[in-house]
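Two complexes are shown next, each including chain A; its partner changes from chain B in the first to chain C in the second.
Right, the complex of A and B next:
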């Protein structure tokens, strides 16, 4: 046993040099640059008349107007996002498990191909969908058409997230242990595979809902006047209505998306 | 509590991987009911593959058979074989606490309620880990995990217990302690146990019989004493313990090594005298079989390890009582108390 010196005084770092203050300055400038426009935009949503400035008074009238006019878009966005999540859970989680279990080269290729919808611009994917299915009138006009695009776009995120967790916990050994104890396929799924992959599934789910709620590129082409999602409505509002309406719309979007982003951070933080 | 073990019979078990590697080349082995067998060999010798074939996690090439007692289980997957398994990584379920881990084998066999609780409690008591019942797996030390893994494997009363290098991940002191515990446990249970390791001390201590493997083949099967005292092949000789070798030519009953002439019972021709470091002792030069010069002397507390030069290119290792006072460069007389003579000298493979 070595003895710690009892009178170890608190060590002070050297005086804060010029680099410290420079770094602080750059950080503060960046924050102002990034956050200020967002704050301004949010505030604009509560300002009676933005051209006159805050002296015109604060109001929730714009917010109420947006909710009244666009509640269908907001509802559709939530509907698409959760349907998209359901598809991801039904397709993405089993797909991740299958890729994890299969040692073949083909499955490694599929893993790489899964990134394609992310790498290809959303507009291109959307165009491909329209070219292929555009003639199917009913189908083209239904909200399911948007759903297909969103599932294509988000599936890789779910698969990758689940796959990463499965690989990191040595699920193969856990499954062998369960098998040696007599567990059949479903018993392994329910008691071992799913509970131990839960972190990846939850992180993937939050990611999918967030991405689907905010998806604009593809949806812009896939939507019809009757199937307008929140981000598309937002673009409309900024393009054709008063700035205050667009800003109020942004507030609503933030209320939906920020809690999701915070939850995502929490989940990722815990699994590390 | 005793479980009734089964005998295990392997016939012509080979295993070729899809990339063409032959991990196992036609092994035959009979393991008696209640026996503890240790598969011993260097990494890549096929011992783990053999264990996985017995478990049903891997299957032999066509023509190979695995039988438990009289029943052919070759086609049966692991979940239907009724084996218990302890993995090198323990593979405890992180989503369950200690008691749930131990109960898992009972849960999937639909043994529930009071009976399950009673058996989990028995297991915890047997492993002396009652206080860990509600701990999470990531709150356990390595030795505690090992005990939980053992308890989980035997809770469902398997017919055969398979252990894949269960102590490798632990530090030396804990390894010694757990080795003793496992030994006692296996004897109490009377279960058929197959234990894989690359550590010969572990193999010697635990085994009723040791199976030494090399390059996908069984080199020798025997009790620890047989393996150590009468190694059957050059590989076993080189792999188990340290073996000294004095090679030279025999003429008229004397083996000539350097300037020494040692009386041996062998026909004329090339021969080698094999003996263990502990079978050499020092003596007065008049009584000695041969003389040698001390080139190094290491003190280990419980013994001295000497390197001796006999004038040939091979040096010898001697293990002596620590009380001897020996200086480097000293000339000593040596007596061999027990040895083997090898006359069919072939180039040695492996090592």
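Right, the complex of A and C next:
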């Protein structure tokens, strides 16, 4: 992820003064601040009684309780996330290519516009969707209503990720070479453009799924009692159920999201 | 991230027939489900009992003004503290190699994409009724210091949210610093504070402005954390939510959304114009 500095001997000299130890202290404190609550919720999710601590025994009962009560929310979230990914691949990747091929002022404005649903708070987007389409009864009840919000929110991440990779390699020259050899549009797409943008598509996809699984701001307003997603269920559990259940639910969320985050770190690290 | 394709060789005519067609699906979705609904929302904002005055009320009614002020204050405080600690730690991690360094970096960046609700729960783990810090203060001073369900809790939550992404930005930028310039400053007699303020901070300025603006915008617009901690915290997103759900005052909620949206959008536009870093997710 990071490169070795050019000359390490230079920093050795005065490095270990009080500033060094202060910086180290702040870094360690930050680590504790960020990781400790994660560890605590992992523990609490498996502890029979959190107030009594470990002595009350370890249990998977809370986990089972959460799975029994919220399995529909978890399944719905996965369904929305993968549907959202499919939409992004279908409309986001072509859009990124189109923006790449015609780098005009207009395409810059379009790119800027596409970021709007991320720049504007999710609450506002959700309100707008509800006042416009909320009256269409059946649709309002459907999970597709949530999907629309998620696609709007994740699209700029896919477009920018793919666009960044396309711009960093000389894709135009590669494509021109293929064209001069007689490849038609589809052949160039399948054999030149897509393989060469694969890194950006993978990174964008991981980002899209991660964001969709965790999206709450819009989903809280867009959901109905029958279309409750994982994060909405989480808020529910935090508010009304005991700490151990909230923790167990958080553990399930971590199990889904942490592998995605690690994969994302790997992919981003490699492309640098 | 934002490398532009300005250097496309002239032999390829830009904007082929395919390009607009490929953009079309995304453009249709965007117009139908974002621009059009947003337009409707803007009209509805002016259709309440106050008429278009709702937009004025959003900026002049003492009640909304107070929550706007406290939201801005909270976002500014979050930004300031996040930038300071992330710069200290980010520069430190770029400069020093030690065993376990990559583990530290992964630990610091793990919470990067935690949603606001989960971050709210992390704050409850630290400072809630059964949290760690209240139990510790109970053991030490005989008094439980519960801070999670208040503005303090929200502040801690926003720090938790902002630090990982800010550290990443700072580290990427600090990689490019030349340690020899600092060495030169030191050899000329500058103390560590002078070196930090006169050499490191100016060199990191674009990254600091960009990361700070993203930090500010997310803290302004974030909703999940406040929702988890307490519905009584007086920040703008929370007010919008209550206006809409409890008061059924859709016009006011719409007007307030536009005020909030304008602020976050402006902050993020600033971030992009300074450094062109990738988009930030509003938690």
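The criterion applied here is as follows: the second predicted complex is superposed on the first by the 256 of 272 C-alpha atoms of A that agree within 3 Å, B and C clash if a C-alpha of one lies under 4 Å from a C-alpha of the other, contacts with A are read in each partner's own complex, and residues count from 1 in each chain.
Convention: contacts are C-beta pairs under 8 Å (C-beta built on N, C-alpha and C of every residue); 3 or more make two chains touch, one makes a residue touch a chain.
Keep in mind that this is a model prediction, so the values were computed, not measured.
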Judging by the criteria at the top, classify the pair chain B and chain C on chain A as clash or fit.
-> fit
Of the partners chain B and chain C, which touch A:146 in the superposed model: first, second, both, neither?
-> neither
Where the C-alpha centre of chain A sits as vertex, the angle toward chain B and chain C in the overlay (nearest 10 degrees) | 90
Touching partner for A:195 - first (chain B), second (chain C), both, neither = first
If you stack the two complexes on chain A, which partner ends up touching A:178: first (chain B), second (chain C), both, or neither?
-> first
Is A:169 contacted by the first partner chain B, the second partner chain C, both or neither?
-> first
In the superposed arrangement, does A:84 touch chain B (first), chain C (second), both or neither?
-> neither
Classify the contacts of A:187 with the two partner chains as first (chain B alone), second (chain C alone), both, or neither.
-> first
Mind telling me which of the two, chain B or chain C, contacts the most residues of chain A?
-> C
After fitting on chain A: smallest Cα gap, chain B-chain C, Å | 5
Overlap of the chain B and chain C footprints on chain A, listed as residue numbers | 173, 176
Where on chain A does chain B make contact in their complex?
-> 169-170, 173-174, 176-184, 187, 191-192, 195-196, 198
So, in the complex, the side of chain A touching chain C is made of residues 1-8, 10-11, 13-15, 17, 19-20, 22-24, 26-27, 30-31, 33-38, 40-41, 44, 50-51, 87, 90-92, 94-95, 97-104, 110, 112-125, 127-129, 131-133, 148, 151-153, 155-157, 159-161, 164, 166-168, 172-173, 175-176, 185, 210-211, 214-217, 220-221, 231, 234-235, 238-239, 243, 246-247, 250, 253, 257-258, 260-262, 264-265
Chain A-touching residues of chain C, taken from the complex the two chains share | 1-6, 8-9, 11-12, 14-16, 18-23, 25-27, 29-30, 33-38, 40-41, 44, 85, 88-89, 91-97, 102, 104-118, 120-126, 128, 130, 132, 159-160, 163-164, 167, 171, 175, 178-180, 183, 186, 192, 217, 220-224, 227-228, 237, 240-241, 244, 250, 253-254, 257-258, 260-261, 264-265, 268-269, 272, 278-283
Where on chain B does chain A make contact in their complex?
-> 55, 57, 77-80, 82-85, 87, 89, 91-96, 104-105, 107-109, 152-153, 156, 162
